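Quick one: the structure is below, questions incoming.
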Amino acid sequence: MEDEKTFEKLEPIRVKALDDILGIPFKVLDDGFVRVVDYLGSDESIVQAARVSYGKGTKQISQDRGLIRYLLRHRHTTPFEMCEIKLHIRIPMDAWRQWIRHRTANVNEYSTRYSLAIESAQTTNSDQWRMQATDNKQGSSGLFDTELGKEMTEDERFLHEKSREIYNKRVEQGVAREQARKDLPLSTYTEAYWKIDLHNLLHFLELRMEGNAQLEIREYANTIGREIVKRWAPIAWEAFEEYALNSKEFSGFELELISLLANGKGDEAKSKAADYGWISYKDDKLKFNMERWEFENKMNDLEIQIPW
Amino acid sequence: MEDEKTFEKLEPIRVKALDDILGIPFKVLDDGFVRVVDYLGSDESIVQAARVSYGKGTKQISQDRGLIRYLLRHRHTTPFEMCEIKLHIRIPMDAWRQWIRHRTANVNEYSTRYSLAIESAQTTNSDQWRMQATDNKQGSSGLFDTELGKEMTEDERFLHEKSREIYNKRVEQGVAREQARKDLPLSTYTEAYWKIDLHNLLHFLELRMEGNAQLEIREYANTIGREIVKRWAPIAWEAFEEYALNSKEFSGFELELISLLANGKGDEAKSKAADYGWISYKDDKLKFNMERWEFENKMNDLEIQIPW
Amino acid sequence: MEDEKTFEKLEPIRVKALDDILGIPFKVLDDGFVRVVDYLGSDESIVQAARVSYGKGTKQISQDRGLIRYLLRHRHTTPFEMCEIKLHIRIPMDAWRQWIRHRTANVNEYSTRYSLAIESAQTTNSDQWRMQATDNKQGSSGLFDTELGKEMTEDERFLHEKSREIYNKRVEQGVAREQARKDLPLSTYTEAYWKIDLHNLLHFLELRMEGNAQLEIREYANTIGREIVKRWAPIAWEAFEEYALNSKEFSGFELELISLLANGKGDEAKSKAADYGWISYKDDKLKFNMERWEFENKMNDLEIQIPW
Amino acid sequence: MEDEKTFEKLEPIRVKALDDILGIPFKVLDDGFVRVVDYLGSDESIVQAARVSYGKGTKQISQDRGLIRYLLRHRHTTPFEMCEIKLHIRIPMDAWRQWIRHRTANVNEYSTRYSLAIESAQTTNSDQWRMQATDNKQGSSGLFDTELGKEMTEDERFLHEKSREIYNKRVEQGVAREQARKDLPLSTYTEAYWKIDLHNLLHFLELRMEGNAQLEIREYANTIGREIVKRWAPIAWEAFEEYALNSKEFSGFELELISLLANGKGDEAKSKAADYGWISYKDDKLKFNMERWEFENKMNDLEIQIPW
């Protein structure tokens, strides 16, 4: 541990690339945005915090990168909690409903009890209507042709107008704002200050940048990740891409199969898979098995041949 | 500390009054409910946990009551965290948006990405339309006459029908559920399992049973408090009423004034209040001061005469 | 809500009084300290966050003070969460064991698995040995005379030396640090980075600046409060003193009694207290009753006469 | 969603295998234990909670297993939070210091301010002294021979006796318990009630059952996992073993290499690794590289040949 006498006056840790964009909104969706209000810490703070644990002083940059990668890879998450960021977000309430499920953040949301609701709802262009995915009960897949889309957009416009009209009428007649708002569409925009530490932010991004996340929230997550975190803590961001975004996990059983496949023992792998319950037939057709199907997808990504 | 050898096989702590209503919904609003799914602990568990801290064994019931009251009065909150309850709730999304801001709970909400939205939105009878409060920017005060209310209810019905019609049309045309839902009204019902410990539940109730809380969420809070917690942990509930619901807090300065007023020194109190900045006049009229006004309200409740 | 186009480039919010002492340790106990490593936000950020909720722009300083006091008085805690501070602390493990019970903070502690234990344990001067309180099972009250104190300090010195000697011997012989440390005294100093938001910090201070908190942790809390928070957010600090440190809470029943006492109805108050179970005699002596005793203490502070 | 009218009276979900051991201590270390005080939920509750999200009723057991495995594999953690367990633990303060870093639990610890410290400290047999690991700065590796161990155990006994003697003397002389305890060894036993939900418990177990966790806490974690969770939620436990304990994660770059190695392209893999900075020589000797070394270990486990 450093000797107390050696403590020197500190300067706040600032990151020029982030200071340069402080307050400037990144547009998301048709009328949303994300902007950085302020922040605390940087890549350097992660290292600083880890070194308190290790009882060590500062080292060179090249070692900092190795340390940050080590910490992220081994889920030593507490040093990442030493960085904090405060964002100002404008987002449809529908996406905000998902967002707010992340409990480890501080939030001040625009109050439609206190003030009039923001006069904007997320609109959908005629070429943006998404079809229900058939292989994923909670996803979308493919777009409608714009002919049909035009009609849908027209319905949307009608509904937005009507609900705003009725909201305004209620307010004018003196209905309490807390009650007048009750029938606003979920697509109505809201705003919030949202403050979170880097560890929990990366966890949020890991879940919300993922392909299965809903498009709307994914666009916010991508903006936060690629426009903001990347500027703020570039080394942590690079490690996050490598060890979280681009990584894959294999179960104990999957590892056994990979070991066999990499050693040319496809038959043995197939027989193991059968014993494990992955392989059964109905009318000579391999029956669907979710765990096997997920494994196959991973093998396809690795270009490893599947032996059944 | 009890000797290890003395540990005996335990039975789960069950509360008959709560077991009797397990799973049975209490109706709230026009189409909502709250029901208890399961729970852990009771008044007895609070005492048990406190006594681990104190290194003591079990005592008699009369002492239990005193201990629970002591713990609650002095904000020794951890023993109350040793009780946990799981509720099933059906609630309009608008009220749920407020509810979910309480972060110290576990939540599983009905997914309108995965399933069709619940076909019900909170409706307002013609005699339930509330007027905007004039003295409280985020409150309501008074009701509209039913003549005007009827018209408002009619508008509401129209909007509910239209938005449901358009939602159904989207779903039928194959729009992804995650997108089709975007214009549902905030009044649409959702459901959730909500699990929370007793300390955090009481904190939730303190905020949401309060007169300033919005009527809708207040009705849920009242039901949870008076129908559920009261059955579950009657001693803790009684202490909560005494020390949280019915208590008042006085600031350092307010205490000085009360001391003077109770000793018949009204003039001195007035002079102090003036020095403190509470008393200033415009055209011979006492100007509004928020802090003074709140103090006056408290004095009125105590029937203590105000000396200015 | 402000129009998006009006968003201007922001500068980080800095507080000169705190920047001036960044990194400089405040000494606590014989060999401990607290120093600010960095922070985010200020009084201004509290106001800024509240105004997002209210959908309002910036106002004058005088209104800021009123708003902050209002927020703190009414437990609108979320705007205070928008400020964050990172401290570097050196503290005996014994006090740290209490400290760490506050869960809403981020922590990086010096690791005695990874590094050698800090070669310092909290020592007690001969005039600092405290006597067990008789009226409070978990407190201390009064000091030993230094004659006896000297002997105690001598025993302490012996124990510190012996345990350090044995620790060093183990390490030299090659015992794993994680095991060698097992018999270090609880008084051994540790260090940590501790990051917390202002709301949770004030809650920590409310509990730990209180007279019943153990002296050691109280000294840290006082230093953080009076040397750091007061510089960082002077308006919030002033409100905290007024509404938290110097305030008192009265239960529903206590309020009834105060109302009677302030209106000269002592007899009625006494009779109510008796009905409530506060007044019973044994051999003509008023029996001790905890709740009554606490009420009496509060009345004494207010110089209101007790009618029994 | 089920129709409200169909709600039936519920019975609490109980697990016979866990009810059978309620309150019975599992011994850990020389004088520690873990025992279940009470719990809420089971495998069935996980499924129940997930099905609220999906808006579905109950299905058969075989589907339950698939669902739980799916949820755990895809980190859908909220349904696991619907189960809660309360443990009573007796543990050396040294290990407790690590334990308590897990913030998402409720805790009531035995208070040595209020009561006398537990008269027991963890002792080390002469064959249990562990050597400092050379390849892991925070680990141990190998044991001392008992000859040297005997001497160490003798020193330990001496220190335990002396510190207890001085503690007792302080207490007898009337030193406040909160101060008397200050020099107790970290090995002193403490007790606590510890309540946590199943998701956070599994996270705790993943970190603390791991080979790098300190032996002492690992023994508690193993006991909780294999004796308690396995009885409580056997399907979740099996999935946890498969997808957490026995799984491995590969970074984006590691996946590229595995793909090459499994397709017999060792040379290309080596060349890629060199470009990536993993391969450099000093005096014809491959220099140590942490990331490469970790990859090699994983390849060795999979019996995949390393091409450099």
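Here the chain labels run A, B, C and D in written order, and each chain numbers its own residues starting at 1.
Everything that follows uses one rule, which is that a contact is a pair of C-beta atoms (placed from the backbone, for glycine too) under 8 Å apart; a residue touches a chain by one contact, two chains touch by 3 or more.
Just so it is clear, the model here is predicted, and its values are computed rather than measured.
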Pair of chains joined by more contacts [C-beta pairs], A-C or B-C: A-C
Most distant chain from chain C by Cα centroid: A
Geometric centre distance via CA averages, chain D-chain C, whole Å: 31
Gap in Å, rounded to a whole number, between the CA centres of chain C and chain A: 36
Whole-Å gap between the CA centroids of chain B and chain C: 28
Multi-chain contact sites of chain D, meaning residues that touch two or more partners: 54, 107, 111, 114, 137
Parts of chain A lying in touch with chain B, wherever the complex brings them together: 92-94, 97, 100-101, 103-104, 107, 111, 113-114, 121-122, 124, 129-133, 137-141, 144, 148, 152, 155-156, 158-160, 162-163, 166, 169-170, 173-179, 181-188, 214-215
Chain A contact footprint on chain D (complex, rising order): 54, 66, 69-70, 73, 75, 137, 207, 241-243, 245-255, 258-259, 261-263, 290-291, 294, 301-304
Chain D - residues contacting chain B, complex: 1, 4, 7-14, 19, 22-25, 33, 35-41, 45, 48-50, 52-56, 78-79, 81-82, 84, 86, 88, 90, 106-111, 114-116, 118, 191-193, 195, 197
